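Several structures are given next for inspection.
Presented sequentially are two complexes of subunit A, the first with subunit B as partner and the second with subunit C.
Take a look at the complex of A and B:
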């Protein structure tokens, strides 16, 4: 097993360690996300002042939801892996096909390394700022709170892991489209608004009209933000939480199967048509 | 059974085409026109284990396409191909584990990683056991004089340095066969010599089969016992360099500097091409009169200061060859 996984673990580690070095990008991302987080929270505060009774989630939970969203924004699959676009443009994809590896898993491992390296420093900085500094300066009401309890914490860890697997599965589909269309701009232009709205990154999905909710809660992107974060503050608990995890796992599987299928077809075309 | 077997290999691509200008672009939106490009038309050859073969041909002749099919990146349109008993595009995973490839125009090392980290990563990718990896790596580092480069990121290497690292990268997993696609392109003279020397040693001492494509005739002259010339997707010649030379140029040149005034020579089958006061350039056909015999005949009658035989340069041979077959770049 270890021998089987060795190349993929190595590919993940190399990408992760390399990208972790980009400190300026992490700081810039953190600053932007603080700014947007503060603005969103002010908007929520104004909204709750007039309509708190009608809201499906309490204000402190929405505040936590917002900080979580800002902290893990870089995990969202809203742009295809830039390395794939480069591989296609430079013909490096040929070398990838010369490796005795399953190309889907090889790219999956690299993309995983990319998004985790991008997200990790920002998440840590955000946790310090919103989870520790805000309460210390007397702004507990606006702080990132700990999980609702031990059960919520354990479930969240699982949901968080699934969220990352799902995000990479979405990215892999985007990567394949980039590779097939030889250009990443079209894919990114479509992907970004879809992910931001349907994941619940813009606002929690329960804030949408009732008629849309069944659809919103069943579609794959809900597993990226809405499900794991509601599990965090026990808005989803017990059976509902387990259903959420199942939905994440199910969609991840479906997207991986779809991505592999698309990739096999794309590679076949590449073999026929040349790089 | 030969290590590489290629029979009636053909490969065509479809490329989208549109008329130039605005009108062409607009009509291209409605209806795509496709044009068939035949990179390989009909190519057959075989290669025994331990051979060193050079593929020569003008741009667009199909050299790189052949290497890409042999290495498993491309799928042929028709024809049969086997490398070490495997069909590369059908058994990709097993096949690629046994071959090494260097594309002169591309890098397989990680641009931002130090050379050594790239090697480590490749050892993981090919699942080379740590002992074997260490031994192989140290051997290649010594052969290619990579020691001072190991800690440098690949992007900081010069082209010649990078090429040496690329060779090591392609050989860490101990492939049985090495495909080189224009490995000396853009290199300066010492780097070219280093690459040639290394390829030769690899072939002789480690018995690695080598197939290389090149434009550089000095590569061919220095390395290959056997040359395949292709043009427009077809095989034009498959022979030793010497035979290729004599097939296009029957004649050779003899330069003679005399101690006194150059004499009027009258020897059967020999023609005087140029004449100065004390030297002659003679053209002769070695099939009719061998060089030693001709030299003996001249030195028996005249006092000679210096004498040398010249063969046509291989560039000339190949250029002449394309002319004969009308197979320059289309």
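Take a look at the complex of A and C:
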């Protein structure tokens, strides 16, 4: 087993360590996200001050939701892996096909390394700023709170892992479309708005009109933000939380199967570029 | 050839390049429209849930949203040269060539890459303004139109000023600092809502630091004919966009200081 996994782990590590070098980009992203989070929270606070009773989630939870969202923004699958587009354009994909490896798993591992490395430094900085510094300077009301309890914390760890697996599964589909169309711009233009709206990154999904709820809660992208974050502050607990996890796992599997199928078809028709 | 005609040539050249790839340009424009239009969906969802915010209705906030989006996309379309200045001009040394030409660097940078795709966001903003007009309703008499155009002009000047500052910083950092996005994209985000919903410190930043409120909040109050809930006198509301031009002027002073100490990267 270990020998089988080794090349994929190596692909993940290589990408992860390379991207951790970009400290300035991480700092700039962090500054932007702090600002963004602050504006979002002030807007929520104003709405809650007007009519708090109308809200589906309490204000402290929405504040936590916002900071979680900003911290893990880079985990959202809104742009296809730029390296895949480059591999296709330069013909580098030929080398990947020659490796005695499963190409889907190989790309999956690399894309996984890419998004985690992008997200990790920002998430840590955000946790320090919103989770530790804000309460210390007396702004507890606006801080990122710890999970609702031990049960929520354990469930969140599972939901968080599934959220990343799901994100990469979505990205793999995007990667395949990029490879088939030789261009990442079109895919990204479609993917980004869809992901931001339907994941709950724009506003928690329950803020949308009630009639849309059944659909919003069942669609795959809910597992990227809405489900894991609501598990975090126990808005989803007990059976509802387990259902959420099942939904995340189910959609991840479906998307991986779809991605594999699409990739096999794409590879069969792929014409090698470059020289 | 005078500066204006030369600028016209630059614009013409940029547009011809994009006209060579009509499908790609159209796709980018549509993508830009979709990517920026989702924000109004979020605003709508909040109003649908809460009804109103501190006395403001969805229609009124839609006017703030529409105008600031139009403003920013015009600025974004015209100032690409300053936006990528650090990465594409200073780091690569391409700025040396700009300086060798017997024309002002500013003119050449403004003329660099006018992106049609930004029209997507302008359209989006216009649609939202029309929506706001029907919801409030707003009476677009000549005075209101004049204030709107004047506010947009002041706003374009303000955002241009921010981007000129970003370019100026890259004389020292050799890179375009993305942190300036906080003021541009983040500024649009903040100015989508009326100023009085924000905390005190943030209002002060938006009025006296980066005068976004002066090109969005105050003139829109004049269009909506609403007195300022924060107590600014009525006569001052239509005058505030001047602050945008003042900001641009100050930015160019900084730009000059930066130019004077420019040393080529030699690459």
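In the analysis below, the second predicted complex is superposed on the first by the 270 of 275 C-alpha atoms of A that agree within 3 Å, B and C clash if a C-alpha of one lies under 4 Å from a C-alpha of the other, contacts with A are read in each partner's own complex, and residues count from 1 in each chain.
Just so it is clear, a contact is a pair of C-beta atoms (placed from the backbone, for glycine too) under 8 Å apart; a residue touches a chain by one contact, two chains touch by 3 or more.
In this text, all values refer to a predicted model and were calculated from it rather than measured experimentally.
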Touching partner for A:6 - first (subunit B), second (subunit C), both, neither: first
Which of subunit B and subunit C A:18 touches, first, second, both or neither: first
Touch count on subunit A, higher of subunit B and subunit C: C
Partner chain(s) touched by A:98 [first = subunit B, second = subunit C, both, neither]: first
Partner chain(s) touched by A:140 [first = subunit B, second = subunit C, both, neither]: neither
Partner chain(s) touched by A:197 [first = subunit B, second = subunit C, both, neither]: second
Which superposed partner A:243 touches (first subunit B, second subunit C, both, neither): neither
Subunit C contact footprint on subunit A (complex, rising order): 24-25, 27-29, 31-32, 35-36, 38-39, 42-43, 46-51, 54-56, 185-186, 188-190, 192-193, 196-197, 202-203, 207-209
Interface residues, subunit B side, partner subunit A - complex: 13-14, 65, 68, 71-75, 89, 92-94, 96-97, 99, 101, 103, 106-108, 110, 112-113, 117, 120-121, 124-127
Contact footprint of subunit A on subunit C as seen in their complex: 24, 27-28, 30-32, 34-35, 37-39, 41-42, 45-46, 48-54, 175, 177-179, 181-182, 185-186, 189-190, 193, 197-199, 202
Subunit B-touching residues of subunit A, taken from the complex the two chains share: 3, 6-7, 9-11, 14, 18, 90-92, 94-95, 97-102, 268, 271-275
